[in-house]
Amino acid sequence: MSSETIKPSIWAFANPTRFMGFANKAIPVLVIITFLLLAVGLWLSFIAPEDYQQGYTVLIMFIHVPAAWLAMMTYSVMSISAIGTIVWRHPLADVSLRSAAPLGAMFTILALATGSLWGKPMWGTWWEWDARMTSVLVLLIIYLGLIALSKAFDEPSEAALPLAVMTLTGFAIIPIIKFSVDWWNTLHQPASVSRLDKPAMGPEFLYPLLIMALAYMAIFFTLHMMAMRNEILNRRIRTMKMSAARKQSVTIPNEGAT
Amino acid sequence: MTALLKREILLSIRAGGSALTGVLFFLAVVSVFPFAVGPDTKLLSHLAPAILWIGALLASLLGLDRLFAQEREDGSLDMLVMQSHPLALTIFVKALAHWIMTGLPLVLATPLFGVMLNLSPLGIGATMITLLAGTPAISFIGAVGAAVSVKLPRGGMLISVLVLPLVIPVLIFGVAAITGALEDPAPFTAPFLFVCAITLFTSVLGPLAASIMLRHSAD
Amino acid sequence: MFGEHAGFIIPSYIISFCAISGMAIFIMAQYKSRKQELKRLEEAGVKRRASND
Amino acid sequence: MKLIIENLSLSRAGQEIVTDISFELSAGEALIVTGENGSGKSTTLRGVAGLLPLSGGSVTLLDETGKQFEGETREYCHYLGHQNGMKPALTVRENLDFWQKFCGEPDLTIEQALEEVDLAHTIDLPFSYLSAGMKRRVSIARLLVSDRPIWIVDEPTAGLDAQSSKMFTNLCQTFCKGGGILIAATHLPLGIKTEKTLEIKALR
């Protein structure tokens, strides 16, 4: 019944198998790069001087801003994967989209949590409905919605297209969210996070920030590749179990005769 | 009956995680309000109890339409109805499982949303307690709506229309209790006890009414 | 260390560390269990390629 | 044990579907209900199973001494309708385990019951992975995990191949030999010695 919807021609194991081989080699390298970048980034962050305005809370920036960037970048990766699903119906694209969503949600939650911990000493409030924070919150809702959608189908291959379409629809909303800074009246805009994005940041802050951002990217790519590997194994197990159910039922006449 | 409870909870975890969806819906409703009323912190913190209650109310209605309709579609309802257990008890357990998987996560998520709406810690505590006492009533009343519309192909909207007016008392007393906790002259205990009473009352009456409906809607 | 706001800086690092390493541990544990399940199935004689017959 | 159906009438939406059906079955007997499509076979079975309100007549279950059983007749019945009554998201074991615990009176273990229907290897697979015929066999296994003196089965072999249908008739024979009462709407010869037939003719 449901197994007939899996098309072996599309789900030919050549590509995922090649990917598995590549991932098995690439992951150790990625792990090393990640740890190196993290070590350098953290070291640079901790020797950075105290900001004259923000004091040591500037340290939060080194993990907050990369998390926020990664939250956006992950969504871009997912959108590209969605195009791969829609245009080429490539199974790896769906695997990539699915595995990226929880990571995106994690980075978004981290951006919100660290932002909240930063906002409390700076603005005196845990949460402010300013455009930037609210837009990130909406991004989180989109991520969680996509995760829920990806789990809502009994048959994962049926979820691929709906998931891809929803992801792209969500992407169309992202620029709208971005411009909401201008459209949506916010009391807090001048004191918002965007102030830190000004390029006039001193190099003593800019370099650790950039290295940390690279480290976060390395974290993402490592975890993403590992999660993709899991998802491929998941599907293999699924097809194997389904064929297991069929296979033995074919051999049953012999057993039944005894 | 514990087997039924276990099965219901297992089902809601497996089938796309209704607990996650409920909280997600709650989050979506709560974050829509500041878009509509503006980011005025004072206004939001004043409205927070109402926002949280309305969000929880709407989120609790989720999944109610599938409570019996799904059982009927796959034929399980016949077997559920045939057993020697009192049907009302079976329905009670199903409604309880619905609450555990949708209502309870909402209560647990309340502190987070309370902070976002700038609600004071006392207000958050009061909201949690009233939601804990009040949301089961929504599931129990909802069971009646679900039983009434079990045969309808698109019962979802209808259930909301039927159930929402019935749960208004819970909303009134729930929000009144929170106001009572936050502002001095208003009492907390009296409206809170009303919420508890409604929940106890509906926990008996809801399953009973639903059982009568299900007995006679068999076809 | 970290001045008057250490109570905010340290938790934010701890949260980030816990979330990322937690995610990593979860993914690695999942990989392990998947590998084991795959092995179990292969030992039970199930073919990986679903030969459509 | 004796199941007595007297003058059973059933109606749907105010329209009479079947009228004046009477039969008696003692322990070990089987009744095959036949009739054209739409003649009211399923309605009759559902009426006997207590799933439809009777518009007339009675269903009584007496024990050896002629005393009426406690409670409703439906509590002593297994009913297997057109649907399987299983949740696709749960595994075969979880599904059967639930019905065994919920129905009470455990009889065969889940492993034994699945062995009977040749599905022992699927025990830990999600129900949704199975083919239509296998799903049907799992729901037949449900009849075995709890003990009920009466089986009411509606087109039990729909979707089953010859092999599995044979398996089902064997199960029915064993059940009747053990003193069970079987009511089946089926075109399949069940090969039970104490077999009665009831042909339902469409009204109107």
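Every chain is named by a letter (A, B, C and D) in the order it is written, and numbering of its residues begins at 1.
Convention: a residue touches a chain if its C-beta (ideal position, glycine included) is under 8 Å from a C-beta of that chain, and two chains touch if they have at least 3 such contacts.
Because the structure is predicted, anything quoted here is derived from the model rather than measured.
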{"item": "Chain located farthest away, centre of subunit B as origin (C-alpha)", "value": "D"}
{"item": "Chain pair with the higher count of C-beta pairs in contact (A-C, A-B)", "value": "A-C"}
{"item": "Per-chain CA centroid nearest to the all-protein CA mean", "value": "B"}
{"item": "Inter-chain centre distance, subunit A versus subunit B - centres from mean C-alpha coordinates, in Å", "value": "32"}
{"item": "Chain centre separation in whole Å, for subunit C relative to subunit A (CA means)", "value": "14"}
{"item": "Geometric centre distance via CA averages, subunit D-subunit B, whole Å", "value": "37"}
{"item": "Numbers and ranges of subunit D residues touching at least 2 other chains", "value": "88-89"}
{"item": "Junction residues of subunit B - those touching two or more other chains", "value": "15"}
{"item": "Sequence positions of subunit A contacting 2 or more other chains", "value": "3, 241-242, 244"}
{"item": "Chain pairs that touch, as defined at the top of this document", "value": "A-B, A-C, A-D, B-D"}
{"item": "Contact footprint of subunit D on subunit B as seen in their complex", "value": "2-4, 6-7, 10-11, 14-15, 73-76, 78-85, 216, 218-219"}
{"item": "Subunit B contact footprint on subunit A (complex, rising order)", "value": "125-130, 134, 137-138, 141, 144-145, 147-148, 151-153, 184-188"}
{"item": "Of subunit D, residues touching subunit A in the complex", "value": "88-89, 118-119, 121-122, 125, 128-132, 134, 163, 167"}
{"item": "Of subunit A, residues touching subunit D in the complex", "value": "1-3, 154-155, 241-242, 244-246, 248-249, 252-253, 255-256"}
{"item": "Of subunit A, residues touching subunit C in the complex", "value": "3, 6, 8, 13, 50, 55-57, 59-60, 63-64, 67, 102-103, 106, 109-110, 113-114, 117-118, 120-121, 219, 222-223, 226-227, 229-230, 233-234, 236-237, 239-244, 247"}
